[in-house]
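Below are two complexes that have chain A in common, paired first with chain B and then with chain C.
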Partner chain A sequence: MLGMSRSMGMAGVAALSLLAAAAWPPAAVHAKDVTLEFVVWNYSLDTIQDNVRQFEAENPGIKVNVTDYTWPDYHDSVVLRFRGNTTTDVIYGGQDWLPAWAAAGYLYPLDEIAADAIESYKKDLAGFTINDMTYDGHLYGLPYYADTISFIYNQRILKDAAIEVPTSWEEVADAARKLKANGMERPIVYEFNQELPNFYDAFVAQAYGRGGDLFDEEGEAIFNRPDNAAFQQLSWLRDVIAEGLVAFENHESTIIPAMNSGKHAFTIVYNYVLAAMNNKADQPLAGEFALARMPGEAQSTLGFTKFYAITSSAAENRERREAAWKFVDFMAGPPYAVAKRWAIEKGLGFGQLPLLEDPEVIEAWSGWVDMPTLQAQIETARGGTWKEWTAVWAASFRPLMAQAMIGEATVEEVMSQGAERWDALRAQMAR
Partner chain B sequence: MWRSARFPVLWVGAPLLLVTLFTVVPIGHTLWTSLHSAHFLFPDELSWSGLDNYRKVIAGPFFLTTLKNSLLFTAVTAPVVVGLGIATALLLQRRFTGRAVLRSVVLLPWVLPGAITAVLWIWVFNPSWGMLNTWLRDLGLITSSIPWLSDPSLAFASVAVAHIWSQVPFSVVLIMAALSTIDPALFEAARIDGANAWQRFRFVVWPAIKAMVVVLLVYNALTAFTTYDVVYAMTGGGPGTATSLLSFQIWRESFSMYDFGAGSAVAFLVVAMAGLMIVAITRALPSDLFAATEDEAP
Partner chain C sequence: MTGRLADRLIVNLAALLVLAFAAGPILLAAFGSVVPDRILFDRDRSVLEGGMTLDNYRYIFTGRLPAAYMAEGANRAMISDAARQVPRSLWNSAQISTSVLALNLLLGAPAAFAFARFAFPRKKPAFLFLILSPLVPAVALVTPIYLLVDGLDLLGTKLAVVLVHTARSLPFTILILSVFFRKLPEELFEAAVIDGCSRLQSFLRVALPLALPAVCATGLFAFMLSYTEFLFSMVLSGDARSRPLSVVMAALARNTDVSWSLLNSAIFIAVLPTLLLVVLVWRYVVEGLLAGAVKG
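== the complex of A and B ==
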């Protein structure tokens, strides 16, 4: 043994190493342990943590650290993490933030990480969710949850007044006038808070109901044209408000008791607000509220998607990239167990269409919404026009819209100012 | 002998350093940012822009309206806060059953955060299920709901009421402190001399509290001119621009539109106007207002 050559010794060590690896493969996997940094806003953190635990149990060798922020702080906190190079692998993304974050190179396209899987998953996703998660032709996420803005009405009030469910905005106004004549002070209750993104989103949804859009296919602002659907809808809102048909609430949470006071027949909110309105545990008129297709010729609406996205820094490293993809696939890919859990336990909407046929989801949701109507609304929902500057522009456009709605300024003036601002930001971004 | 006057630079230097760090530096940075193009969407375009941000915000659709609203808000709320503070303090000086409890309750609005105050007043003013409309209807004073927060002029008044409610306690505390310095013998003497309630206030109370009243007026004018939280939570500056104040516009430009250059320009204008306001108020004071205090100083 003492006379054994150096090369023989090396070969022996190598052979022993191979033997050890073959005989004990789990040890080799654990030697490559990856810890992912997963950043979320803090909605139902217990459920998130439980989902993560299930993932870790199914994927030994991958740990997931969850960091949460409040919703109002989330955007700024994530941007600071990006700019400060804080390790961040998987995040909750949003349709309105995607263009700016993707353009800045913070996020990595999923279709360049798992092209075949993404291509096969797309057929299961609602059209608006694909739009919301796509930037520059690439898909950057899989849905955490997705929802539509919907037209809600009180079935009993309409039945008692012998009013058909309106299918156009003119019919909504006529129904409201009839109810007002019958003694209901303000038949429409509207979420009026110009500082909230919902204020703009609900308006876009109404314009989509009319079958129009605020922008053309090249992204040019066209809402300042009098024949445009958004222009017409803002004029409609101004008129019904001036007629005293509309009550304002400044948050969706106060729409719920307002509708449950029986003093209003119509509202426009996210679907999960309908779920809360029809919650028999704490709402006196639960069961009276129903979803109708968004009024207008197209009966379309705005859909939005919050999604899991992988950061570019995670994608740079093969192990982290693969682990991050496994995690995103677990959370949002087939058989959509996590999305189903959110839907059943929390009433969150989803972008994975097969869940609409799932018996457990149908049973859970049938208590508060008519599933065929919801399915029809989801199938015709459209994504928004999300450019790098959309969120910034909308922040300046919302107060203008509000001014027109209450008669502080004309529709022509605010639409013109809004279009100028859009063009200026667009030109600045192009530079 | 140990005397603080031996190390004037040391004693003055420490607070000056803190003031420099926490006041002068932020104001200087705000001024610097306001003279640059600083937009979140275009981080690489940070460049000198001179007075462009000032021109942009002043010519913009919201500045003049928010300035007018802020001045009106200040002119209405500051005197009302101080007036109610004096009246409440005088009431609480009297002896009556439950005075101690009432003194504690009066202070309650002062310790509530602005957002909580706003939520509380939303519950009062809500047109559909708010307490105020319900009471007015129950009393037969109205037959239809009053849109307190959605009618522009009523919304302004409603926000002003919430702000006044949250600020009065601080005035009460300081006026009560000033009232406690009055020798009870003076009241007794005034009564013996046949002075009525108004004369007792005019010649006994007012001289003792007038310096505090001026301090409170300056303080409340600045608080009203820079208030933000109650307005944001109650109305979001709306409807339209009805309750949009300058401080709200700073936030909107900076954190809603991500234009930190424009937001800093509005902020610096607010600082400059607040400074002018302090100078104007103090210049308008009688020159002997604080004389007694100065004479008594060691």
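== the complex of A and C ==
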């Protein structure tokens, strides 16, 4: 048997050598005038690469290398590139990362690269996207992808139970109680995961629906006041959970099959989840789900924006800066062909308002969302309060929210602790 | 008699339990990969109703969309093209892990033999340094290793991943093999020296053949460590041309644009090489180990 192992070993060594040699091919050499390093998270790389090819064809002399990371590791990987001075010219940015990255000097304001163009583009951008891409009075990006948090309901279930689409949180609770009385065990399904930013974002969207905010214009915490919309919303969540009206899922991807089980009538998730829920390719109840304006007096919601941004290192060199701007302008500027492509082919949301009127976008999206409702929601959506410390603070606030929601702490306690933490971080950053 | 029956029952139940944990996820992945999502999620429909389909495998290997996604009104956002990186990343992983295996054996076996059989200055601190170095959490090493690799201009290459994986797995290889070499009878090496063998010859002609099963097992261990490693692979590997399977699988598992059946198909494809390796090679390793134990 050992002899057999040895002969196998010899064959193995030969195979190992071949494989090992193939692991180290010579590096390819590119000879172009400017080569931009474009860093993205790996959503739909084929489409990204195809867009890049189109840009390169239209702009001879500029080549774009795409490097991608997985979404959960993207932030840390990009920071590592910044810290390691790895050549990086254009990146996907996010509203929550912008304050820290801009304050650290990693990103360069677009309005200092192409002031006139940026000024003229602003009129086409949704208000929340401008908020999300602005830091210290400067615009740092143009939208790659923008979306809002949606209140989603099952049309068939509501129709069968003769329930009107709720427009306030009290009506949502009443509808849920009626459905529960009719035999639906948990009419609301909620993404409950204190580790995920979505958990906080969805809560802010609900507070916006009520017409309130967690912070005042000076950036001071006001959500610890009992008359504040966020305070009231957390109390509402605590109550409906205590009543047994809410089922928990720990990720938006599991909300999709949960809603498609027909066991829940309402949920609050990003709008792209509605597209997935209504996907006729793989969802049994596709077509039953609809968007409603976020309940509450204001019917506003939270929007978010991921955007193309140019790094400061790219902006240092005139040729790279101009090439990077051309690239960003191609990907996100008028006539918004790339944003339109994402919207039609992949159902990605956008911050460029003219696309809401585009017949091809309307045709593509009408299969899964009511466009007039979406347009109304987008136009009233607001951006979040994004400071250098927001992400750190939100990570500490999410577990507090969770405690209050399941009754392990009072709303008063967690809101008070959350406000203290916010003020402490704010003071620390000011120093 | 009753007691023996009860014993056998308990042993069989325990074996079934282990089998369920070991094989259950693989079988579920295989099952989920051939059942359309639409049926998988619908508790009112039998899984056999819609028939089995290999559409997801065809998409991964050829790029042809599954029939369900060609239907009118279907949203193609949930059919991630990241899944199409699986075959290439599998090949990348094979190259990287095999290189790691080879380097571990080429460097680790002689080093282990030296630590086991020879006396040399600073042997003890050197050995302690080697075996304690894996205790440093990987996450603490990411930034310095990234800067080092970047400084060597190896960022985005398979070579960078191979070197780091080798550095991370080599201590285990040396530790395991040195223990094995230490257990070999001293008389064998004395006899080899009397017969005129040099140190290198006694390693190549005496120690290595006797330790072959352990060397194979340790090499496989290094292969597995490399094949499943994620953190350094993700940070250092760059784009799809050099990206190993662990990074692609992480993208598929955590990105929201991946349907369940597509994810299951990718999981099953990812598991297959490991299964094949176990079936083809592990038997010889275990048999070799047992033979060595009897002879020793």
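Convention: the second predicted complex is superposed on the first by the 399 of 431 C-alpha atoms of A that agree within 3 Å, B and C clash if a C-alpha of one lies under 4 Å from a C-alpha of the other, contacts with A are read in each partner's own complex, and residues count from 1 in each chain.
Methods note: a residue touches a chain if its C-beta (ideal position, glycine included) is under 8 Å from a C-beta of that chain, and two chains touch if they have at least 3 such contacts.
Since this is a predicted model, take the numbers as computed values, not measurements.
> Could you figure out whether chain B or chain C reaches more residues of chain A?
Between chain B and chain C, C touches the greater number of residues in chain A.
> Determine, under the contact definition given at the top, whether A:371 touches first (chain B), second (chain C), both, or neither.
Neither partner.
> A:165 contacts which: chain B (first), chain C (second), both, neither?
neither
> Where does A:284 make contact in the superposed view: on chain B (first), on chain C (second), on both, or on neither?
The second partner, chain C, only.
> Could you say whether A:261 touches chain B, chain C, both of them, or neither, answering first, second, both or neither?
In the superposed model, A:261 contacts both chain B and chain C.
> Just checking: does A:402 make contact with chain B only, chain C only, both, or neither of them? Give me first, second, both or neither.
first
> Thinking of the overlay built on chain A, is A:100 touched by chain B (first), by chain C (second), by both, or by neither?
Once the two structures are laid over each other on A, A:100 reaches chain B alone.
> Examine A:72 and indicate which partner it touches, taking first as chain B and second as chain C; both and neither are also allowed.
second
> Between chain B and chain C, whom does A:298 touch in the aligned arrangement: first, second, both, or neither?
So A:298 meets neither chain B nor chain C here.
> Tell me which partner A:185 touches in the superposition: chain B (first), chain C (second), both or neither.
first
> Between chain B and chain C, which residues of chain A are contacted by each of them?
Residues common to the chain A contacts of chain C and of chain B are 257, 261, listed in rising order.
> In the complex formed with chain A, which residues of chain C make contact?
So the residues of chain C touching chain A come out as 36-39, 41-43, 45, 66, 68-69, 71-82, 84-85, 94-96, 98-99, 101-102, 142-143, 146-147, 150, 155-159, 162, 209, 212-213, 216, 234-235, 238-240, 247, 250-251, 254-257, 259-261, 281, 284, 287-288, 291.
> Help me check something: in the complex, which residues belonging to chain A touch chain B?
Checking each residue of chain A against chain B gives 76, 79, 100, 185-186, 189, 192-196, 247-250, 254, 257-258, 261, 263-264, 388-389, 392, 395-396, 399-400, 402-403, 405-406, 408-409, 417, 425, 428-429.
> Chain C touches which residues of chain A in the complex?
For chain A paired with chain C, touching residues are 1-2, 4-6, 8-9, 13, 15-17, 19-20, 22-24, 27, 42-47, 65-73, 77, 80, 83-86, 252-253, 257, 260-261, 272-273, 275-276, 278-284, 286-287, 345-348, 367-368.
> Which chain B residues qualify as touching chain A in the complex?
Answer in residue numbers: 40-42, 61-62, 122, 126-129, 144-145, 147, 149-150, 152, 232, 234-242, 244, 252, 255-259.
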